[in-house]
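Both complexes shown next keep chain A, but they swap its partner, so chain B is in the first and chain C is in the second.
Showing the complex of A and B:
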């Protein structure tokens, strides 16, 4: 808000008897939030405009003739605000009763149950018994296209979805049709949400169960899900997300607010691609030996054998990294390449790449990037070069026939033939899945996916972001930073890194691009790399 | 407070007669012979009358067309203190939410009846039933079909004439 210099930067007001000082231009709703008072609201969303039409955030401001909508009333000096006065409470009860006039109260079969704002507010302050005697109007449900289903009966007409499509996606595909009790949200004729790249966000911002995800429909109850802060693995923008898991399976991805990266939003492509984290048939135990000589081994034996083989290895080392692996894992791989006597021959990674970027017009920071992997920028910073085509295939011809040591991390080698690494004096495969191309591997070591470990990615903005462990890994799979860190530590005669923060500290010490960053500084919100190092 | 010990003085053997006690016991025996009070039942020919609040193995109510009444809302697995209910929800061909998998492990169940109490559509019930013997342990995980087949009377969790147990 404009500040003409004569007015103070902050204002002091009283909310529910508590004095609070907020910057000028703060709404009463945010001012109340800053002292821990939640004023109920539906139509207001911090990422959208505030039309003040849901009427549930009305609060009493002393001196004002009527109750004021707190989402658009700005805090002013000396204001005395009551969010919980009898007048405000009575009004909220009345508004809630109106919302329930046509609401079907089908909470038992509603996907939003447990995270629904109507449920919460009515439970807090609503009437115990309904007074309506007239039949409720029935709309049934409507397929909006894309991943979105609309249950008109549950809708509270907050129009967050309409405003999201208008203001943020800038692709007006939803509107309110009819008026009064017949009002519903609808698409324009047969042009639904199909093909809209960010339409899935309307499900997140819907405060009730009116807009639900087809993919998540009836899959799990909200209260059964564990929420883990993570980073979207499906493009190099690295939107901050939450993994919602149940029974050790990812059930859905939801955006997590970070104004520096993705605001409140994420794209539908990222949202939909999580099933690969639940794929069964993982590598479960370390194995040593080529082809028919392969046998299972425990980690200690496998690592001791591998260390001995690496010390005696002939020829230089070809490293294949993966841009779905964390910085810690890639740094461990790079360090191992330097320690092996033959020295490094080359470091490559492969990644699928989309033909174009998909920006979100109303929030320009958020772009679905071309690189459809989370850590291509981190891999680049750690000295890996991108190889292969835009499908993430090819480019490994030299490595396949390399005569020295070959170490493959994370890459599934699905496009490679059975003779991959046949000439290698030592071929080590650290992966999540077995692959035909790993037939010649002397060591097959099971590692965890990003959802099963802690670590960091570097996104396309040059920002280091942390993800946390949301899933339990299979039996004997270990994080790649631990496996590689143990080998590097054996070469250097130091202690094995015992945690991801420790692995990150060693990475930051070894690579100038990460200089000065600490695990704590990266935190939940991420931290920018030194600009020139990131894009130099 | 100190612990007080009371020393029982038993009559010494040979200085007391047990005749009186024997006669007292025999008189009770003869009284039962003349005027018997029967407490045993000729089970299984005779069946015991169960309390209306008896909580036995579960049963799932069904609609007239044979579909289970359950809407897979997930409240019973949530409330279950023994964690014995497994539920996977889904959508049937008419667009109704229904349980694809509904299993109760009757061995883990503690028969508290909270599943019945919490059910918003009065689908799952505990029953007035106690004859649960099976030939194998695996038969004690009741699946949806089994729960729907059960036809014993369901439990009244409270007495309708005295809902607050006053």
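Showing the complex of A and C:
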């Protein structure tokens, strides 16, 4: 092959008898991954440096005198690699036996059990029986502060956590203390991890049960959790996450890789704030009528009544949205405001805002944003203006006294009094919880939270991102895009959108900022809005 | 008290036939009148070697010690690289590396406190707590062990009246186990501060301790 003295961009090698072509500079570990072969590894993590110290990713490279660590050995032309040769297997079995010398094998009480790499590898390739006769050394556990608990006995000393704090958080609070069999991970004595904004990631990257979350401790078994791709709802950065759910409750949030948004990471603030998704006492069924006249109604009746009232409504329409609602819901609300005869008076939303941003120094794309809601940017693009103060309160004085139609979507109105909407000719409250301020509502309609529906948010980077349904909603709650879409469709004499993708398609057609985007294009990784439309 | 016969004891050149002091062997430049500023940068991390007055509360670093610290720092491209000699210097001054010392050294070098702790605990030659005037390290690794190191260790503990790792009530002795001291030809090897005592048997221990006590009385 003539290469004119220039190095080719790709190299071709053979892994386990299969020829594979990868870009130059690809490690053997990744090359093997590209043909579906997972080489066991502990210390290597794609978001961190590779010290090649765990010695379990060693593979046989023909011609090399010793087994080579596949995480740092670069693929080269003509290499013949065996990940499963007798030598490689024997080596892995030996390394695993060493890892188990002091490991307590307390899998039945270990939170990592079921997703533990030591468990997986030993189950796959370890010895059937241990040969150790010596007593195991015992460290017990150490509270690192923050949400992190350390079980020294389970640790495999891969130092991923130390390197995460060094390289990504740039806050070198963790280190290996002592050496040999006495080595443990620790902070500077009792200084701990308190106040480190991203320390929770060390729990995610720990390949074994050494670093576990205090919040999740003994709460659920890994195999009982359903994983749903979603978007972190706790700030406008919109980290890609998974909802881990069991018994229709969110048990924890875990980051999902997206190199355009959050890499492999997420912040502790986002991670810790999920209990509001499990809050009991939800609105269960639609209700019509003000104050003491209120009665339960089924959806058909409620919507028919509401449609009739909207057609005959007096005065213009004040819309209160929420930046925890999806784009589809907010676009539905905006569209409804335009259809009601009186026309729109204003569109506002309120949201809490932190005093400062918290960036992740080693992955500068990731910033815990000031806006502590997932869709403030989407709400802005759809014509909603932010009102109220940084606690997400106030700013509704005009709406509270508005004489025309008032439609509130997703805002619980917790700071508003019982006379909210008393002057309104028609007051519609779409929410997840009943509220004192909803007393004057003519219609109280239960909607789903973002975790109970499909939809999209727009993050602070101007990126549209999809989330999926992870929880079963209360029996009669419906997605807001469906409720509002049905009303808009009734005005326009068209078909009600029957799915979130359909609602998104209508939104993209109606709003120039979303032009050209499709549900499929947004996909699991999100898609950027056209820049000038997003900021113009 | 019988005079112990050291077959290859102490520092190089001491055959046991002469009662040489350390100063006689090493010269007085670094004993007594030590070069406190450490001399040339290339040797400042390692000199003077041991017997300076230890003050656990000594400031890090002042006067000649500051000068030496600056020299140490100037010799290395990064702060991390200068950490070991900086810790040496701190231990020389204070006798041991306490958590506070780690913290202060970390501050002086601009390193994280946790990293300094990791390094200080990795190396056994940093004392993580106060030790006696004489740190007696008995090798119990394989060669010495085959030649009675356990008995030697036992004898040191008995004659100093201390527990392993503890300091005797007069503040003179701390006895610890050591892994190989690289003197496998002369078991049992005992390192006392910077000196090697080789071919030590359990019977030799009282005489070794007497000799150390004499040195204390002489003011080293």
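Just so we're on the same page, the second predicted complex is superposed on the first by the 531 of 536 C-alpha atoms of A that agree within 3 Å, B and C clash if a C-alpha of one lies under 4 Å from a C-alpha of the other, contacts with A are read in each partner's own complex, and residues count from 1 in each chain.
Simple rule for what comes next: a residue touches a chain if its C-beta (ideal position, glycine included) is under 8 Å from a C-beta of that chain, and two chains touch if they have at least 3 such contacts.
Because the structure is a prediction, the values reported are computed rather than measured.
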Fit or clash - chain C, chain B, common chain A: fit
From chain A, separation angle of chain B and chain C (C-alpha centres, steps of 10 degrees): 90
Partner chain(s) touched by A:176 [first = chain B, second = chain C, both, neither]: second
First, second, both or neither for A:90, with chain B first and chain C second: neither
Touched partner set for A:187, first chain B, second chain C, both or neither: second
Which superposed partner A:223 touches (first chain B, second chain C, both, neither): first
Per-pair minimum CA distance [chain C against chain B, superposed on A] in Å: 27
Contacts on chain A seen with chain B and repeated with chain C across the two complexes: none
Partner chain C, residues of chain A touching it in the complex: 171-179, 186-189, 191
Footprint of chain A on chain C - complex, ascending: 99, 102-103, 111-115, 117-118, 121-122
Touching residues on chain B, where the partner in the complex is chain A: 71-75, 78, 89-91, 95-97, 120-121
Partner chain B, residues of chain A touching it in the complex: 107-109, 113, 141, 217-219, 221, 223-224
